[in-house]
């Protein structure tokens, strides 16, 4: 049914375990929260944690339980309306900027909904051992929920980071120091294979293995550090329009942006909000919470550039990645032969292929084994609240 | 210290009892809520219940405990910033539209803050038996909290009424049927005394007893009912620009308003959201949740007008009032000789004396004994979420 | 037909002369303009001069020629759509903020339209000597065009004053020095007669002679000067929130207003744009181009207040007025017994009676004999581009 | 000096003639306008014709006359401020949305400015026969002015098309019928050469001849016609969200777009505003004035897609192009090795390389010999007022 999503041939037992641990992981991410923290939606892009919990549940109900289990009794008819995200094919939905108005259902009922659906999926999986369609959708649902786990981390950080009191969340999701010695990887020109092929799960947007021709290039083995980024700031990076896209210059000026998100200069020294509260910026960590515009301007200032997503993918086996998603210079566009799946699942990726920029890699908030070197993440150029960083090319 | 606020010579015991029951009443209003309902701020005018709970507490801390009890230890320094409403003199504050982002402190801590301050006030009252300044401020704080109790009811209704599921709150705050026979009170011309004088609490904006000359007029003894208002709607009231102020016409068209707030036409019949959920409109109840623009247009349609606030006050002893606040045709302006109190409390009323319309009376959500016939309530002309109704004059 | 507009019993010859000179005066005001200056609409409140020229012509066509001359051939059917201002009863119209898009018809054709209508009115007046309905409407049309003459002056100043090159217009419309000695007029309490009665033209909003009771008051014989206003600015008037209405404080901060409109501080000295270009502020002239919010804050700073419109009217014979319109503390509301005229002309005044503040007097841009002491001008509180000034009371 | 702009080795005489005829052509485009038409800026993207006339002149003054002729006397110092477009390096400038406020200088003075600068350039060219830097800049200035000629046509159409009276401009800039038989060109896979190399002028954005690998594809020999597009509309194309990008769906719904720009359905039949006034849509002409979102949705509806800019360039010799600019599926990104020129001219192209889509070809409004198959035009996806059309690929 999903058609355009390839997947692993995992046994049902393995799938069932992965499903269970995925569901638990979402709840674990929320554990340090107060009930009140599940409600606000400070900006349209940041959804209430409560919504993520329910929406990732609704996904299994809507696309798995309703079509494949004729005995299944929907938990609550209203929830389809409340927790649909952007699937026009799946009916009306609460408009995105209004998610933060929904104090009901309360968190405790959302948790009950999660348990109800989790159990129904488990029962279905136990009953229908060899149905490949079902495992396909469970696989997609797990990957979908893992994506929401990562958004949940971003959104929780945004919600807590906008409390005037800078509350602590805990020790999770920290990055570690990058090497401070510059190291460059040289890649020679030629026709390269791009895209996913083979076994295992992948999204439709990375399918269509195809050839691209690359000119020779160098790509850094490290991410840009806070120390380097502070140099950029202190040398006037945010006031020199020559470094910026026209849209980027407008963005930083209209929003009075002078540093990455969560950064504050206190008594001459840079601090930032972290999951451990407000702290002095550690210069050796990779710079985080930069928009595409800032990543681009930084590269200009260095006299370098960001890699294309193809340059990144070709070289990805030769450097380590996974601290932060890395902005590429590639716009998010379909691969040759890309086709949307029919129906609601076809809305998953294709309809976003304009005005977005590709990020590659993974971040400390990405679920284990969720990403791969062909994985195409994407966000709008102004996005700062994501776990994004900078790798340079030349 | 407050200067411009007159007050009753009540004994401390009475005051202490009134203080206690006022504090309890606020909490009682919130009792039917889920924790999550305390958080959202769906529109800037509607504050989170959590905020009302804390702000009415901060008022006692800021204006009573800090200045009058040198031993008092502020509960949390951050709270002055978090829970100041609009008192510029009292320091920086969270901007009004951002109140809904503050998930912290959680409700449970706000309740602890309430208890802490309530106890400190009680102790102070017990200790300082005959300090008239203190009783003045306690009196003002009680009246202030009672005002917030009413706003709390409005805001809770707005928050629940915007849940797609129309949850029930309970049986409180309902109105009863108006008489259906028209009855008019005739008042003859003359110089009339307006404003508050004498014992008991009053706000600075109603002080300055003074004379106004009134031409003869008639004023209705009843509020306009839903039945009458439905006639207005069904006869095209919302599409006939001749009935509306220019600003009112723009308001209903820009916001696509075709009926009072919370009204929905379902299968040809008018329903509205009430604290008991979605219900058919009862035709004998007074129409509620109309803006000043709608009240004015209705009167135009009737070939009548709204009373001035002076006409209302002069006649108020001869009709019953208190189901809903009644829009008057008077703009909210200072009385002759009006002077603001010095300091933060001077910001209570005076700075709102432009672009607002006076309402007189009281509503089913008004605290007992809080209002009086000289009481001047005021809201911006588009306000629909308040408990407002219509009394006609001619 | 107009009903609510009273008028002079002037002979047709006098009326005809007044009509002619009124029409010429409008064109004379525009004489210093370049063709291009007739087109822009920099803000919605400021209409293109071309539009004023055509609209004041359309008024005579629509309300006089079409109903009273059955032989009259409308100049161009499209113009009713193009040049209706706000008369919903007179059909569809170009939305106000889009007037500046209409480069067509060109100025030369608008002038032809003016001549065509002027001649048709003259013919009608010559033919229909004793028709009182006609003279009533001509009288109203003259007064209407005189109002637009004044707006034309405001709007031309705004258009030229927003050219980066500050072009000159000419010597017209300057004010003269106010006396620098404070003089106060004392008025004793009592019932006063307010409103227009008797012969001569008046608007519906000033009719309904009625009684008001006034407490004793003092009113200044002079307008506030630039010198006094500069003191207000230099002593921090624009940064002390205690002086401002809540809406006013928001207005000056959102729009970054720190002085009257057209004022610029250049090398430590205040300058302003005048019809003679950019000039140093003359300290003895009355302060001009202040909003109601600024007038109010200035009075607060002085420890005084603005007069009510009744106080102003009662004392008006005892001081000179006419340099600038004077903000009063009165909101624009109907007089007792106010009734709108039926049809389109009923939209002239009544529908603006909310969210506006009354100004009394006249200005150097007001047509001769257009104003009188009962005349009620009104604008929204933030209006700065009008010829407004400040008279104090206490 | 320009560095990144290649150019033709044309003799000075040829260049001089081309310069003269370019200047004349700009003025010829404006000839049918009324003076008033030169002023409005209906939307920020549409500049006043007066501004184009002056800005294309300023370009020669700023980048040629001032640096290369030490005797040159600037026409007016203010004009650098008034007529700079987006060159931050060239100093402060009037903000783009405020161009329509500038009624001064009048058109006649702008024409004098044009003549003054034209003559000064001609003198310089006659004097400095063999200065390659000068001819480079003149060449760039001509190409720059030709781009503005095309924008001028778009903007004039928008200004006239938004007059309620739909005035005529004249017979220019019409398209001719497309063939109605589908014809497809097959292109086989392989490494292709992309970008400009060799003699003649080109922009920096098309330089950097480089290789891309293309998978096999088919591309239509014709543009989509109005007939086909009407089918798309009538079959519900604008109401089926599956066909649209998420941003595109939001765009058409927020702006209530149901057809190409300038289209009106009158009595069941499609009409559109043309330079000859309002006319019935001719079904055989290529569809015009579609945004990228609409072009994409149309292709989806057809079960096809838009070509990439590379696919377009490789096949361009084998079909005819030049009626309308053709939306490609390529985002506007730098070619490998792209480098901005230093200084103000470096702002010409590079800073727009985000959030824009590439169009290839030329239109009936493009200056003769201005375009070429490697030419990369670009606009934001919502742009409808440009002369854009659709070529399909599969």
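Should a chain be cited, it is by its letter among A, B, C and D, assigned in written order, with residues numbered from 1 in that chain.
Here is the rule we go by: contacts are C-beta pairs under 8 Å (C-beta built on N, C-alpha and C of every residue); 3 or more make two chains touch, one makes a residue touch a chain.
In this text, all values refer to a predicted model and were calculated from it rather than measured experimentally.
Following contacts chain by chain, what is the lowest number of steps it takes to reach chain C starting at chain B?
The least step count works out to 1.
How many Å are there between the centre of chain A and the centre of chain C, using C-alpha atoms for each centre?
58
In whole angstrom, what separates the CA-based centres of chain B and chain D?
58
Measuring centre to centre with CA averages, how many angstrom lie between chain A and chain B?
Comparing mean C-alpha positions, chain B is 45 Å from chain A.
Roughly how far is chain A from chain D, going centre to centre by Cα mean, in whole Å?
About 37 Å separates the centre of chain A from that of chain D.
Could you list the positions in chain B whose residues touch two or more of the other chains?
If we look for residues of chain B contacting two or more partner chains, we find none.
Among the chains present, which pairs are found to touch?
A-B, A-D, B-C, C-D
Which residues, counting only chain A, touch chain B once they are in their complex?
It comes out as residues 34-40, 42, 50, 78, 81-82, 94, 100-107, 159-160, 162-165, 167.
Mind pulling up the chain D residues that touch chain A in the complex?
So the residues of chain D touching chain A come out as 86, 88-89, 191, 210-213, 215, 241-242, 244-249, 292-293, 296, 305, 329-331, 333-334, 336-337, 346-347, 351-355, 357, 381.
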